[in-house]
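Chain naming follows the written order as A, B, C and D, and within any one chain the residues start at number 1.
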Amino acid sequence: MTEAAIEDKRITLEEVTKKVPDGAHIAWGGFGYQRPPEAFAMELIRQKKRGIRVYTCGSEHDLDILVGAEVCLEFEVAFFAIEALGLAPNLRRRSQEGKVKFEDYSNLAMALRFLGGALNVPFMPIRHMIGTDMMEKTRLRKDKAKVIDCPFTGMSITLLPSIQADFGVICAQKADQAGNVQIFGIKGEDNEITRCAKKSIVFVEEIISNEEIRQHPDMTMIPGLYVDYVVELPFGSWPMQVFGIYDYDLAHLQYYVQECKTEEGWQKYLDEWILGVENHEGLLKKIGEKRLKELRADPKYGY
Amino acid sequence: MTEAAIEDKRITLEEVTKKVPDGAHIAWGGFGYQRPPEAFAMELIRQKKRGIRVYTCGSEHDLDILVGAEVCLEFEVAFFAIEALGLAPNLRRRSQEGKVKFEDYSNLAMALRFLGGALNVPFMPIRHMIGTDMMEKTRLRKDKAKVIDCPFTGMSITLLPSIQADFGVICAQKADQAGNVQIFGIKGEDNEITRCAKKSIVFVEEIISNEEIRQHPDMTMIPGLYVDYVVELPFGSWPMQVFGIYDYDLAHLQYYVQECKTEEGWQKYLDEWILGVENHEGLLKKIGEKRLKELRADPKYGY
Amino acid sequence: MEMTEYSSTEMMAVCGAHAVKDGERVFAGTGLPVLGAMLAKVTHAPNAIIIYEGGYVDTQNKDLALSVADSRLGYRAAASIGLIETLGFLMMGGRVDVGFLGAAQIDEYGNINTSYIGEFEKPKVRLPGSGGGNDIASSAGRIILMFTHDARKFVKKLDYLTSPGHLSGPGSREKLGLIGKGPALVVTDKCQMDFNPDTKRIRLKSVHPGVTPEWVKENVMFDLIIPNDIPTTAEPTAQELETLRTLDPQGIYLGKGQK
Amino acid sequence: MEMTEYSSTEMMAVCGAHAVKDGERVFAGTGLPVLGAMLAKVTHAPNAIIIYEGGYVDTQNKDLALSVADSRLGYRAAASIGLIETLGFLMMGGRVDVGFLGAAQIDEYGNINTSYIGEFEKPKVRLPGSGGGNDIASSAGRIILMFTHDARKFVKKLDYLTSPGHLSGPGSREKLGLIGKGPALVVTDKCQMDFNPDTKRIRLKSVHPGVTPEWVKENVMFDLIIPNDIPTTAEPTAQELETLRTLDPQGIYLGKGQK
């Protein structure tokens, strides 16, 4: 039998970020504190990208730094804050400056819009959002949602436009070089994001062998067929968490929320934590081995 | 802390089958040779149920015996044959007798109809079926499918009516007594079936502890929230297969296809293999330990 | 029963817990609702099943979570899936009995704003937005609202309607095909309110110890219905407080020493 | 190259294999298409990715499968998911290059019947139905049809149109928003046919050794386009045959000793 070469989709953070042009539309993975593409957000800032539009259910520190650095000022989104710690400080300030444009949806609405894109159908029906200002008040889209009479039941039903973004970006625990991805813990909307995007980028804590993937096909959440680039990047979601690998850095988040309440504080944070390090390795060095070790998850608990 | 009692949804094959009334609509799990509810089909026959309607992508020997015994003569279905062995013999004969009514859909159409039911929306869009006789030629439903102008793109798009059947019935490898289900190997449309049904019945090869479920939450495909009854029933899919547990009984399937080409042959099969045994335990005794052992899967390969 | 000192935040958490019945399927957001749901589960409602929108189903976490996606919720969950599962199949599927929500503003029908303060065109503050709030408010069997009392939160007209309460009154949810029955209870640090079953308008239900109905009436910006004989909310028991503090030993949601 | 005796079924499987290009994403049904796809993968197309509708993605099975859901396909698959994945996200998502299908009847535009023989109201034979056939025919990049040659299968008008070929000719698939480009090749045990790119009507492409264009013309029930200079289909090589027989050692699809 002829042996198939295992396609190698590995690439560095710097290189993959170069492939994202100004103005790109990105379906953004991670949910709340879990597996957000933090290192990617920081590299978008270092490379001075502009005009990005993000589609997501909800993200937190990762998107707030993009807003602070004015990399991304357009969002189709359901939630934006630093859960339990308060409003996202840069977002709050840039909003007051009138710089940020939101198209507001609910979490399920965003997840269904990704699902519709993954199925390659133009819309998905939903029984939510109807009756609220989210239906009418709009800033970015011509067609935010449509209410039709259901041809089967006669009832009103809301249709949401599907999303097929230029890029889908997620963080996960493991993948092989061909992009077969294992996700442990909640999946959020990441499965749908990788399936609806024109190109998908996956950041993983660890590259494993194709052989290991094939030993456990039930654990493959995202087949390599959907994945264009794989980046091995330990602590790629810091200061947030990755189930089973490391916990969030609560002290850093609290510091961030406090510091960035003013523009000066944000500029200082930006200079020190993002622009002041050459790359992700530089960031990890700055955080320090001691702190990273403290954040390492206890395998028994997953955090 | 107060300890929660772990709800016990276990029940016997006989008792759970009694809960299914004549005329019930059943979303039927399993796909092709994989994990069909064979023992349940046989018990429906023993209990002389009538007027059942089945919704499924495709099943094979299990549905053919239901047609032979005239338990179920109405189907909303995509596929009906014994793959690789030929047409389903009872179906072929009962169809010629004019007794069976089909509403024909494609496999994806049926899976999406279950997904729509699970989401509790009245329809799901699809880009398939359009342009064919499946759109117009109808036997069971007033509204088989509707074509609308997409309010976002202006293109024609087909809407399929969602399914929320009285019962969803699947076979799986493992569950705990509360109905948290682990499925290994392909899932077919079983995840959607259990989520769209008013009541779900799960047949498993093995009951495991709630503790084991909670050690591996990533492996729970169907949370107990969706499951009403759990039946522990080894070889519940015989003569078909369950990934990782046992292989199909090809000799029996070949015998079945050959034998049931005539009504006499079918009646003989029915008397010998279904009515002639008191229950599932009786069937296993008839098959014999030797044969069952031969069918056991090699854990390395899963078959 | 021995009385113990307690904070107003603890009072809210205990009121939230009391609103959960045993065996119910509970959808909890971060913050006080988590504590309320967890307290219910370890006291009078051991068979409550708690679901978090990130994908955790039937949780038994040992440590308190900061995020609805927190890994802490994954430890010993019965399943760990995704948003389509929790907000789609479970919530929109009509399988959730009770959902907890917060609010920046509510109106007399329990409609909720969590999106903008000020005009939509030029908002003063951008709030977190719907998140799963609209989904929960639309489809959970009933809704329990929890937030600290501030007159500016009880408005005649919302700056933005994010999540449906009883909309414009009886029948309006049904007309839109919403599955859930809407808000049933509002818990603040001063009182509890419920809704008149006929008019769907909010009314005072009980005042916490030391608060008068008059104070409440003055601290809402619409004309609150105040029935006769408003009872005083039962105080938390010593055991409830002890348990509650065990659930949040670091005072993340309960605060430290705060009254 | 040394010539080896081969059966007409083996000829079909080899023609099917030749139609797959390296690196393509291939959707295979049970029967001969499985063999064709597997043969391609172990010969000239090692990087082909094979998908089966039950949920198996990127398979490397060692034993031949009887069913598209067969556990044999699960061994060393890259993923093992479900129908919404394979026929939805992958197929309708436009991510599959080539799909194999069988047929009981086809017409001049490659439209397919796998549902009923006879009138729909009172059919003579109920066939298996669409299964995933309609899904594959609608959205796979191109379609390869494989079935044994019988004049009654090539009809002027189908008894039932299950799966779309080129429908009524140029532009008709596009008008309905179908993603795939439709049938590209028909392989029988007597010949290969393709479709005129301008008219989308079927035409003879090559005849297998020993078959004449005249025989084919007489053995279809419509007016087949027969271009000049019809070549003879290349015979399977000895190596292809050897490999093929290794894939089906028990002759499940190839038959035993059959010519």
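The rule is short, and it goes like this: a contact is a pair of C-beta atoms (placed from the backbone, for glycine too) under 8 Å apart; a residue touches a chain by one contact, two chains touch by 3 or more.
Fair warning: this is a prediction, and the values are worked out from it, not measured in the lab.
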### Query
What's the chain with its C-alpha centre farthest out from chain A?
D
### Selected interface, B-C versus B-D, where C-beta contact pairs are more numerous
B-D
#### Entry: Chain centre separation in whole Å, for chain D relative to chain B (CA means)
28
#### Entry: Rounded Å distance between chain C and chain D, as computed from the means of their C-alpha atoms
58
### Query
Which whole number of Å gives the spacing of the CA centres of chain A and chain D?
41
### Query
So which bits of chain A are touching at least two other chains?
112, 119-121, 126-127, 155, 157, 184-185, 218
## Note on the structure
Multi-partner residues in chain C (2 or more other chains touched) are 56, 74, 80-81, 84, 88, 92, 179
### Touch-based graph of the chains, sorted into line, ring, star, complete or other
other
### Task
All pairs of touching chains, please: list them by chain label.
A-B, A-C, A-D, B-C, B-D
### Message
With touch defined as at the start, can you tell me which chain A residues reach chain C in the complex?
### Response
31-34, 57-58, 77-81, 83-85, 87, 91-92, 95-96, 98, 100, 102, 104-109, 111-112, 115, 126-134, 137, 155-157, 184-192, 241, 243-244, 247-248, 250, 297, 301-303
## Note on the structure
As the complex stands, chain B meets chain A at residues 112, 116, 119-127, 143, 146, 148, 150-153, 155, 157, 159, 161, 184-185, 218-219
### Query
Which part of chain C faces chain B closely enough to touch in the complex?
25, 41-43, 46-47, 49, 51, 56-58, 60, 74, 76-81, 84-85, 88-90, 92-95, 179, 243
### Message
For the complex, give me every residue of chain D touching chain B.
### Response
30-31, 53-56, 62-63, 66-72, 74-75, 80-84, 87-88, 91-92, 115, 120, 122-135, 138-139, 160-164, 167, 172-173, 176-179, 252-253
### Task
Show which residues of chain A lie in contact with chain D when the two form their complex.
1-5, 7, 118-121, 178, 180, 195, 210, 213-215, 217-218, 220, 223-226
